[in-house]
Amino acid sequence: MQDSQEHAAREQHAPEHIVPIKTYALICATLLVLTFVTYSVAFVDLGPLNVVVAIVIACVKATLVVLFFMHAAYAPRRTRLVILAGIVWMFLLLGLTLADYLTRFLPR
Amino acid sequence: MSAITANPSPASSPPHRPHENYLNANYGIRSWLFTTDHKRIALLYLFSVTIYFAMGGFFAMLIRLQLLTPEGFLVGPDTYDRLFTMHGVMMIFFFLIPSIPAVLGNFLIPLMIGAKDLAFPKLNLLSWYIFNIGAIFTIYSIVTGGVDTGWTFYTPYSSIYSNSQVSAAVIGIFITGFSSILTGLNFIVTIHTMRAPGMTWWRLPIFVWSHYATSIIFILGTPVLAITLVMVAAERLLHVGVFDPRLGGDPLLFQHLFWFYSHPAVYIMILPAMGVTTEIIATFARKNLYGYKAVAIASLGIAAIGFLVWAHHMFVAGISIYAAMVFSLLSYLVAIPSAVKVFNWTATLYRGSVSWQTPMLYALGFIGLFVMGGMTGLFLASIGADVHVHDTYFVIAHFHYIMVGGAVMGYLGGLHYWWPKITGRMYPEMLSRAAAIVLFVGFNLTFFPQFILGYLGMPRRYATYPPEFQVLNVFSTAGASILGLGYLLPICYFIWSMRYGPIASSNPWPATGLEWQTSSPPPTENFETTPVVTWEPYDFEHRPDLGLPKPERARPAPLEAPGLEAGD
Amino acid sequence: MERTGALFGHFRDLDQQRETASLGMWVFLMTEVMFFGGLFLAYTVYRWKYHDAFAAASRELDVTMGALNTGVLILSSFTMALAVWASQMRKRNLLCIFLIATMLLGAAFLTVKGFEYAQKFEHHLVPGYNYDFPGPEAEAQHAEIFFALYFLMTGMHAVHMIIGEGMLLILLIYAWKGHFTGDYRAPIENGGLYWHFVDIVWIFLFPLLYLIDLHH
Amino acid sequence: MQSFPLFPERASSVAGGVDDFFILLVIVAVFFSVVVGVAIFYLSFRYRRRPGNEVGQLVPGSELLEITWMVIPFLIAMVLFAWGAKLYVTMRQSPSDALDIYVVGKQWMWKIQHADGRREFNELHVPVNRDVELTMISEDVIHDFYVPAFRVKMDVLPGRYTTLWFRATKTGRYHLFCSQYCGTNHSQMGGWVDVMEPSEYQAWLSGGSNTESPEQTGQRLFTALACISCHGDPSERGAGPRAPSLRGVYGSTVKLNDGQSVTADDGYLRESVLDPGAKIVAGYDNIMPTFQGVVSEDQLLQLLAYIKSIGSQPAQDTPGEAGPAAPAGQ
């Protein structure tokens, strides 16, 4: 009873976080630089690594946006759980479907 | 114990001047169409899904009539294809998926957690409008010629070859999907943030847990169906082909995307019914639910594992044999949380005080039919057996045991159980028990023969069939007519009871949930004062406010032979 | 529900209300993730199957415009983040300025996108309309799937952008009236979340659609 | 109405295994249904509400019990999974020396061609006690080739070959169904499978009128479509090795010019005819035109039959083609 109310209170009173403008500017600059990097790298032949690099850079950019522009870094745990669920489920969709495609023509 | 003062007790409410409640708070059609009260929206949903259920049921009766004779009793194959498609579309997207969540869930979740409303009342109303707009599109497709693709809309038939109103139906389902998403979103947020003081996660009724699990499927599955239908519509209307095999498109990709939603959608239908069953069993056994935490976690487990098994609909579709084995293995895992639930429900009866009132009949019927539906699911999960019975009447029988025997029984049981809360009146007890038994008998007569038909090899979606299948089909049609009559009974006496039923007290059974702590029907704001929860879920022993005698420790009753005297 | 000050009737307090709004938005964004997830799956499967045709088709896209648009959208995310900041600091004029900047950048993105679409029409690269891809027939067909996905993915993204622009306009009007510089800021914060999400989608679309094997 | 069966006829080598497994599943299902059903009836009668039993007694949960009834279903499930998977592997693994029959599905009929050329529609004649492998493709929507008496079915897809094998064990006439919904006359799209004694089958085969075998037709097409001018053996025609010889290709491993290698199966050969640029054999240029729209599904299957027939022969020691692994072609 006692701790449950405390718990509820903790859940509901996450302090609002104000991110300084400097952080935003820094993130924005990083994103622009990464865009330039991904653009330039695309013209270099890295073999199969091209797509890996492109995806990794995109993931880094998306993570920066989520954490700082969208304040997920300062959000309650519950919000981070929601984000995690979205990502995990998308990978379930991709992963299990590709599990079919990638093994469909294996010799058996 | 309970911090809230119970609202008018049965004795104190005068039968002729009912207290102010959500039904009589204001009048007029506008007060309903623009309401943001979750209870009124639930009734709007009740009204809508009943109509769509009647439509789907009508198509079902025509289907069964057609199959009375091998060469087709009623219509040609063109019409028959439209009948089973529209039966599936109406029943799945416009009845089964919204039925329990949008009617009972909408009505009860805020009451059960002690909130004044859902988190987003306007979105809730919006979802009802979206739902009906989607239905209008779909009904338009019926009126203008119907759809003949089956509710599964397999490409390339749906996207290229069918000459029916596929686009309108697909757009209708796409739109309706957003109402599911909004409902699921509303439930998740409400359950997270709107719980009354003291209503911890481990004090939530299982009904709320199962709706939480359902909502996860709503919000993570439905969008995938939406984008898949967009792709089908784009291919059909704009010839922007993604699945078109003539361009090298893969028809199996559609199936993957479709079943990613549509398999979990089965759990959208069954999970809420499991929640209803749990509530009913605890109340009518007057006993704490056995293994509360296990049952709660099993709900989430079913929702999560339910997302990992979709390709068992594709074992003979040409997927990789390795993938087939992985999906078969994962499919078997669903059996475990399901078994946990069934065993815990059964164990709850032990040392209970079991009353065979109507909701309990539905709940016990639900367990029996769900066990049969679930066990036959094992046949389909195992690749070796599925190859033979896939796309036959075995599958039809299996999923009707889950959807009609499970979800519809749960829905009707829930409607009976909460009817006094919803309307403030009781339904006729004897008639409703008779209806429950009629439904149970009719259901089994309709669908059990289809298991045999399926193993004999009768494929589904056949307008005509070889003559040796006729006898079983006649049984099935006979059962369907009983089932159809059975459904008319509740509709009639529910309407009757709204006006003439005996006045119900605020807690007629009595039950332990918060929803029974307010008056029947509840006031617009649900509770006079915000309730504070101080009791564990389904605890009858420490609840003097329920007015039950103390359970006796020494039980005098001698062990008697297990009887088969009663009902079903 | 009637409003009493900044608090809606069915909430206990402002904190509960704010948490609810934020959680609701995040849950909604996860449905959006799955919505685009279906498209990404289709893309992945076909890119794996028809890699060369996809690369050839991808080279028909204007990389420079795509990169430019990526930059524009990142900047608009930046100004949107600043708008949320201005709302937190309770600076009404700044809030309005940042909202307008975001809208303008969004409009710039859509304009560039419009030019790109026009180019596709001119080059006969619109499936179902005037599709005529130079190259062997089979490759042309597989490239048609690429363009179908290109239009579906960027089209869905553009639809989200247009909805976002409308949302920003409404936010701007209310912000101008001083609605979001007090205790009630949920719409601005949720609008920000939405806008950033649309940005993230593009962050993935850009390399996937425009940057396939450009070194050839 | 007539008498009706409760169990389908059993006429293939896998049918017995499927039936045994099915019976096991039925036993498991009935067992659990009965256990739960009896428990419900017994408990709800034994603890029925009556004076002196107005309220249930608080029964504490037992983790041991919860774990027990999780582990037991899990173990049973795993046994069933393994059994079913084993059965499935048998069903999907084609025997090597099966009789090849080609099946084309279209709305709403089955077109079938036998190895020696005899064609038939909506009816399939096969010899008893002989492995038969169907190579199937659809001209339009998805169909499904289903023979209940054999307990086998497989979807027939547009744009891709699927295979189905069975060994009939009992002569007779069995239903053939399309079991994937394919449009208006879905329920009419079927017919019969006739299982005959081998001698009868031979007699039936020769009963066809002046048909040539798919291999022969394929060989004719190979010339008529001018495949031979590039893919022909230099020893036969004197054509230059602009393209790899197709002798010995079928079933071999082919090295591609991007360093990867593939098995030259039906799917690969089909792709190479319709989309020659997709996978190019190492050492050759992408010069072959596509034959999409030029050859029908039937003709493609005949070409395939021809390539298959020369695939079993080892590669001739033709000049210009080196390496122990059979060089491969498009």
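A, B, C and D label the chains in the order they appear, each numbered from 1.
We take it that a contact is a pair of C-beta atoms (placed from the backbone, for glycine too) under 8 Å apart; a residue touches a chain by one contact, two chains touch by 3 or more.
Predicted, not measured: the structure shown is a model, and the values here were computed from it.
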item	value
Chain occupying the most central position, where position means C-alpha average	B
Contact pairs, highest-scoring chain pair	B-D
Centroid comparison with chain C (C-alpha atoms), farthest chain	D
Separation of chain A from chain B, taking each centre as the mean of its C-alpha atoms, in whole Å	35
CA centroid of chain A to CA centroid of chain C, Å	16
Contacts with two or more other chains, residues of chain C listed in rising order	16, 19, 23, 27, 30, 33-34, 37-38, 41, 45, 49-50, 138, 141-142
Chain A residues counted as touching two or more neighbouring chains	12, 78, 85-86, 89, 93, 97, 101-102, 105, 108
Numbers and ranges of chain D residues touching at least 2 other chains	92, 275
Residue ranges of chain D in contact with chain B within the complex	1-2, 4-8, 17-18, 21-22, 25, 28-29, 32-33, 36-50, 52-59, 61, 65-66, 69-70, 73-74, 77-78, 80-81, 83-89, 91-92, 107, 140-142, 144, 146, 148-149, 151-155, 157-160, 162, 175, 177-188, 275
Residues on chain C engaged by chain D in the complex (per definition of touch)	50, 52, 136-139, 141-142
Chain B to chain C touching residues, read off their complex	36, 115-117, 119-122, 181, 185-186, 188-189, 192-194, 219-224, 226-228, 230-231, 234-235, 238-242, 246-250, 253, 256-257, 260, 530
Residue numbers on chain A that touch chain C, as the complex places them	11-14, 16, 18-19, 21, 24-25, 27-28, 31-32, 35-36, 38-39, 42-45, 50-51, 54-55, 57-58, 61-62, 65-66, 68-70, 75-76, 78-79, 82-83, 85-87, 89-90, 93-94, 97-98, 101-102
Residues on chain C engaged by chain B in the complex (per definition of touch)	1, 9-12, 16, 19-20, 23-24, 27-28, 30-39, 41-42, 45-46, 49-50, 127-129, 138, 141-142, 144-145, 148-149, 151-152, 156
